[in-house]
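Quick one: the structure is below, and I'll ask about it shortly.
A, B and C label the chains in the order they appear, each numbered from 1.
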């Protein structure tokens, strides 16, 4: 037995804890199906909204229907990891309220990892497929070439984009450690996912700055999508997004951990 | 034997926010630094040796769970030092957790929707228990309490006692050197309490595991602990061998009697009259028993006696010969009443 | 007899008071909610500005940018005002078995739900809807008419609340059959937001879609009251037509939700709560 718990150990453990969660969820199959349909409903309604808008207007700020759909599909994909793997953030309030949170602090593994690994939210899968479909459709209509380079770019930008929303939700959830019952902060933060689907260009300078550097939702779809949609005018921020994503995620992780440890003392 | 836990003059302060009223107030609270300092634990020291069972007692809010949280590494002391297995817990929380086990009565750490064995399997991975140790432990547990009947039952469907039992087994699964049990018998019936006490005793004895136990039930202490530490208002009030404390609760018993629905022995009598009647009766019969006293609580009449002076059965027989007893219970002695007596008796 | 009646009403009004108190204790959350709404408004402002900037004409489907903004701002205010969590409370009450206890109370469960939420309605009317209405009116310097239509508007809003409540109640009872509250609730929210014209004004819908939507109850929740408030070209008979349609939907929805409730009530007794 080596002493350091490495990546291999955590991947192995994640698989095991996840399997247990899926096993126990099998007893709620109807809930899973209905929730997945509900998830797809929200995605379809976003789609219909675009469709209705483009029935009336040919383009929005120089972005045509398919480009907007690309952005929408990409944002849905980038929102899947936060939905699937970090959904336990939403239960933080009740874990803290009942005092059950302490149990996560007593195991010889990373606290954040252990807490998040306990819940896998399956309804994100519906969103994943709907997002992929939308992206594929838009990709085809826009005639973007299917090359290996583009595929790799897509995967990198998908991962870095998803980090931003994960980090945002971690920070929002971490407020629970300091404010009792602050689900409303999470609801507040979660709404921003809907704004990620618009090109940030439509906003004024001030809000472009806010949505880029303060609440960085422009990185959830806009900046990464520019790789594919406007390859002639890629701004430096697009190239930086993987690094910014990692930094933002790391900050959110640190804040979350600090909150967790400072809380678990006070709650009885 | 060496000390496994060393606590050296630790203090833990909590800052609590002085909350303001109104919308503006709650907004200001977000930025304000207006704190009140509360000392949950105030300069305590103790050493615990390998293999001891220590009863860690005290009323609610005395600082028990704060101390335990510091020993488990969840909480960092404001000042002072703790060593568990030679490590500073809060600096090596994860590493420290490998060698300890923690159980909170009424708060299961097992996976609710799964059979216990599945939880054990996850713990096997988390603690990286090798196959042989894991298998041996499961068999050993089965031999001890017949646990295999429970292995395949979903935790959600277990009774509180069964769940606590599984939680305790889970905490011993990785052969920890110290196990913290926070009120393990709370809410359990008498037979289950006995079973759990027996389990803890055997595990401590055969494995040499150090056990730190908090409880409100003197029965747990009596059955398990050699040493008791009593904490109140953040400071240690008592830390000694249990024998020194036994005179405060050991031979004392409280029996509660009810004579009819209204508490009195006859329709036209009040409970008070009955109490006086019993009091004079017992004083006459057992004049040698100095500590015998009679009290009342609503419909109940309580008789406190010292078994060293007079056997309990004699008292019951004596009363029964004269009055019809409708109901009767033996009161358990709570740690609170012992602490109260320590205060009153000025024990050193 | 009158005495008895007022006593019955008091019983319900005490529920109103209770829910007001509960609401007030979440003042901080309201502050965050207001900021959230402001950001939403900013986003849709820039979005629609960009949309209209890309259009060749200033008027699209009879609506200028100005009209669209007034419509969307008031739709949001109306949405916040009428938002209730009845699906959640019924669904959760059912899952925990609490609902069996509610049934024992000497009140009609549907009426009970309505009044238990009425405090919420009152609070949000004064804290969100009215201020928004006044601010919008001042900023747009009379972007909508304030005259006799106000009376029709208030009437229309009350009818909209009842329709919205019945939809929620109906969907809440669906949870008896599905064991999923989240999924059912999100579907309702999406359908209502889209088909009621809360996210895009119905005027923008393609003709065929709009015809279908006009035959559904959802447009009577947001579109009808907003139309009465904003559309200056309406005459008395138009007001009466709109309200007549709403009354029709109120009757239908109450009927349907009550029948559905009475049929589904048996599940509670079968399950033993």
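The rule is simple: a residue touches a chain if its C-beta (ideal position, glycine included) is under 8 Å from a C-beta of that chain, and two chains touch if they have at least 3 such contacts.
Per UniProt, the chains are A, C = ABC-2 type transport system permease protein; B = ABC-2 type transport system ATP-binding protein.
Every value quoted in this text rests on a predicted model; they were computed, and no experiment measured them.
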item	value
Comparison of A-B and A-C (more C-beta pairs in contact)	A-C
Central chain (distance from its CA mean to the mean of all protein CA atoms)	A
Distance from subunit C to subunit B - Cα centre to Cα centre, in angstrom	53
Mean-CA-position distance for subunit C and subunit A (Å)	30
Approximate Å spacing (C-alpha centroids) for the pair subunit A, subunit B	45
Subunit C residues counted as touching two or more neighbouring chains	28
Residue ranges of subunit A touching subunit B (in the complex, touch as defined)	1, 5, 9, 12-13, 16-17, 20, 23-24, 27, 99-100, 102-103, 105-110, 114, 261, 264-266, 268
Subunit A contact footprint on subunit C (complex, rising order)	26, 28-29, 32-33, 35-36, 39-40, 42-43, 46-47, 49-51, 53-55, 60-61, 178-180, 182-187, 190-191, 193-194, 199-200, 204-206, 209
Contact footprint of subunit C on subunit A as seen in their complex	28, 30-31, 33-39, 41-42, 45, 48-49, 52-53, 55-62, 123, 179, 182, 184-185, 187-188, 191-192, 195, 198, 202-204, 207
Residues on subunit B engaged by subunit A in the complex (per definition of touch)	12, 14, 65-66, 69, 72, 74-75, 93-98, 100, 102, 104, 107, 109, 111-114, 118, 121-122, 125-128, 130
